[in-house]
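Two complexes come next, and they have one chain in common, chain A, joined by chain B in the first and chain C in the second.
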Partner chain A sequence: MPLKIIKPGLSTSVQDLGRPGYFHLGIPIGGAMDRYALRAANMLVGNDEGAAGLEAVFMGPEIEFTEDATVAVCGADMPMMVDGEAVEPWTSFDVKSGQTLSFGFLKTGARIYIAVSGGIATPPDLGSRSTYPIGSLGGVEGRPIAEGDVIPIGGGAGKAGRSVPAELRRGPGNPAQLRVLPGLYWNRLTEAAGKGFFEDTWTVAPEADRMGYRFRGGRHLEFVDREQPFGAGADPSNIVDGCYSYGSIQVPGGTEPIVLHRDAVSGGGYFTLGAIISADMDLIGQLQPNTPVNFVKVDMEQSLAARAERKAGLQKIRDALA
Partner chain B sequence: MKTRYTFGGDEHIYVEMDEEMSLDAFFKSLSMSNAVREADIPGVTEICPANASFQVKFDPDVTHPDEMLRRVQELEHKAESAEKRMTTRIIEIPVYYQDPWTHDCVMRFRERHQDPEGTDLSYAARINGYDSVEAFIEAHHSQPWFVSMVGFVAGLPFLYQLVDRDKQLEVPKYLSPRTDTPKHTVGYGGCFSCIYSVRGAGGYQMFGITPMPIYDPEQKTSYLKDFMVFFRPGDIVKWKPIDRAEYDRIEAAVADGSYAPRIAEVDFDLEAFNADMEGTNAKLMEALNAA
Partner chain C sequence: MADIQSPLPGTFYHKPSPEEPAFKSAGDAVAVGDVIGLVEVMKTFIEVKSEIAGSFSGYSVDDASPVTAGQVLATLD
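== the complex of A and B ==
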């Protein structure tokens, strides 16, 4: 029995943990921007952590349930109601057939993850239900959900009243600190530009979506002089088109850094100065436009320690709910 | 050619075979990415070959990044000794140059272009030293192209022309990327041509459009039933200029399932090509014309 979409929100889409294996054809991994929040929501309702849920950005949807289900919403701080009665975030609750889940105004963060017992059961494409609108893959007909959609769910019930302890509800600070491992084409920058990138405070630009987050406000980055290699293009920020890493930071023309996210383009002709470490990718998914951000330089061992810490956080949630 | 290894965050190793584009760098990068695939290193989740570089995505919890780097570097000698030849296919792609749809888009984004008074084609012709747009178009389609990368967005091929470097066409990208590009636009940036597989943002100059879909997630197109993406690295392409009537005919044939792209299997040997480019291309064309 499906969910009925009364109001879709701004851009709400079905997402799971993505479709690895096709980036060499330009099809990105996709999946939840904030995987920590999706995993936590799935744990709360008793799903596999990789089950598909709904990702809503800035504005929540309004959903009528046509069967009983257990639901949990994690991620951004956004008030929510079942038939007008407030329910708690990061906590599982029951919704009865005929009831409606709706949301108030966003307070902090950017994206909520709605997990429903049994998971969203739209047909997978290339092994994943994640919606990739550019390539018309996954989700509902390869697009974000729309008013009137009926969305199949796996069914079954979880346990209401389970909650993620407050200290394990991870989100970015303000200003947000995003850790960066310098690398890739870092050597294109002058020493002063490299220093300035980490010293300056940037803010999230309005152009921030699943493909990439743009930042502005820092100093213009200067490049080391060189004769441009054949095939690269004339601008000093150009390279011979190569692959892009997830989380890699390109700075076209040296002006506004763009961090590629889950729906990244797989390659292109702009230099990249390094990448956001894997542990901090989730945090980007929770940044609103105009949020101040500091990029923090780390080395590989620090990146791996942060990765282990994030993993340990998820394990603590598992343990708390066991 | 000097190979450079670097990390992209804690989950990627990026290997740049050469700073500049060449078929030698492409073949070395493809050989090495194949060697990495065959080595089956624990933790590797994606291997993406590009024009003159490739990238390995891996899980650092399975194999430590330093160890992964060491294992990848070890394979470089295999790429150096690999034969630079492949059995591949040559495909004829019809192109309607100066079509009304990309022209409309060219005019809509004029303020983002180096030459707001002209068109993308008149600008490209001028900066490459051609007297007329027609002569430039002929240079674009007279010799075949090599697919040196698939990516950017779903199924988009980057193509490198099989001619001497002094005959390569080069154009910059738009000053600022467009927010729109018609689906199936034949574009150009740096020394690469491309086909936009889907509608969307783009920074390449726009020359024309093909009626032939190259990406179909529903897999309804007759020649995309096995897989939704048409191109793979190493494919060879010959553009065939067509007019509006032919464009409409092919579009209708694609829609009713009767369109079959002209394709021939060929061998491509880089040494033979470097020794005799015109002769090699003539043989490729012979195979295509016999198909």
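== the complex of A and C ==
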């Protein structure tokens, strides 16, 4: 039945499409950082698109299968092997009981999604199997997988040899371009700072994780002078506590922008200059440390068009595999 | 000659902490499983262990420099 974890990789965790509906209580949606890749991997093995898979970041795990299964791995470009024999990414393949799936060095991107026919069958919490370690929810006892773990799978077989066409394998460019919709607190920045934010090339800081992605290297952001309102901290980047959205960009002290991601905190006292549009959130999940990034200003109409385009991309995969 | 490669992208350090000496210097014996450096990523320090035994020839990248997965960090004789 289960998968045996021989080597866990780095912070490899069970993720599905998350647990919406609890952010007002401080419990984030969580789920795959790159939902597009998880959905594609599930489609390839014949699962529901929202079935739970394994998300591995920067390093692949080593997994022994104790029953036959169909597997697909989508997302980052990382060579992989079944019993030492190379297998193709974005393509379904069969793994037999007793065989081991392992990975080589990451080439581009940051996260791979491993879908197994029948899905990962760890018990759901609040309607989702997604691992949220801070809240000890989902996954294996609420934590990333560890050496020696035995992970249940749903069972059954898919069809090997199904493949996502190359033009539908989405990844970030280099430099990556992330589209930003300016938000409520945009007017806290001086005109020059607002311009500089979009002109400068930033790089992904090593602190980037599932809660937030930090960027550095651009010019310091200057704020419009004001007397800080009652309840706001003394720093000009502080506001009276407010709600944060997924993708919102806070810049503590005006130095290093942080984009809140799937395991985000739900509120706090930093101004947010805007938000990464939903269509580009998946791309952030594929950024390695030190990758150059440009933020691109868009309006609501462009954001919604990008969202529709991303949906159409998923539909193209469904059509291609139908 | 054998290479020790970085298992993942991040920032590579020669030393366990800024005040301490490097894990290895030229000529040191390296056993399988010896730590030769640290890679910092996602607020975590990951030990880079040698999978081979030999004599340490030197680091291939500077202390505290950015590295990619698969990059050669050090060589053994």
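Heads up, the rule we're going with is that the second predicted complex is superposed on the first by the 322 of 322 C-alpha atoms of A that agree within 3 Å, B and C clash if a C-alpha of one lies under 4 Å from a C-alpha of the other, contacts with A are read in each partner's own complex, and residues count from 1 in each chain.
Here is the rule we use: a residue touches a chain if its C-beta (ideal position, glycine included) is under 8 Å from a C-beta of that chain, and two chains touch if they have at least 3 such contacts.
Since this is a predicted model, take the numbers as computed values, not measurements.
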(message) For the combined arrangement obtained by superposing on chain A, do chain B and chain C clash, or do they fit?
(response) fit
(request) Name the contact category of A:D209: first (chain B only), second (chain C only), both, or neither. (result) second
(request) Figure out whether A:Q288 sits in contact with chain B (first) or chain C (second), or with both, or with neither. (result) second
(request) Using the touch definition from the top, say if A:S136 reaches chain B (first), chain C (second), both or neither. (result) first
(message) Taking the superposition on A as described, I'd like to know which of chain B and chain C A:S248 touches: first, second, both or neither.
(response) first
(message) Is A:A322 touching anything from chain B or chain C once the two structures are fitted on A? First, second, both or neither.
(response) neither
(request) Mind working out whether A:F105 is in touch with chain B, chain C, both or neither, as first, second, both or neither? (result) second
(request) Once the structures are superposed on A, label A:A166 by its partner contacts, choosing first (chain B), second (chain C), both or neither. (result) neither
(message) Under the stated touch criterion, name the partner, chain B or chain C, that contacts more residues in chain A.
(response) B
(message) Looking at A:M59, would you say it contacts chain B, chain C, both, or neither? Reply first, second, both or neither.
(response) second
(message) To the nearest 10 degrees, give me the chain B-chain A-chain C angle using C-alpha centres.
(response) 100
(message) Just to confirm the value: shortest Cα separation between chain B and chain C in the superposed three-chain model, in whole Å.
(response) 9
(request) Residue by residue on chain A, keep only those touching chain B in one complex and chain C in the other, then list them. (result) none
(message) If we count contacts the way the header does, which residues on chain A are in touch with chain C in the complex?
(response) 10-11, 57-59, 104-107, 110, 206-209, 288-290
(request) Provide the residue numbers of chain B that touch chain A in the complex, in ascending order. (result) 6-12, 14, 16, 18-22, 45-55, 57, 60-61, 64-66, 149-156, 158, 160, 165, 168, 170, 172-173, 177, 189-192, 197-198, 200, 215, 217-218, 229
(message) Could you list, by residue number, the parts of chain C that touch chain A in their complex?
(response) 5, 7-11, 40-44, 46, 66, 68-70
(request) Under the touch definition given earlier, write down the residues of chain A that touch chain B in their complex. (result) 20-21, 23-27, 125, 132, 134-137, 142, 181, 183-184, 186, 229-235, 238-243, 245-248, 252, 265-269, 272, 274-278, 300, 303-304, 307, 311
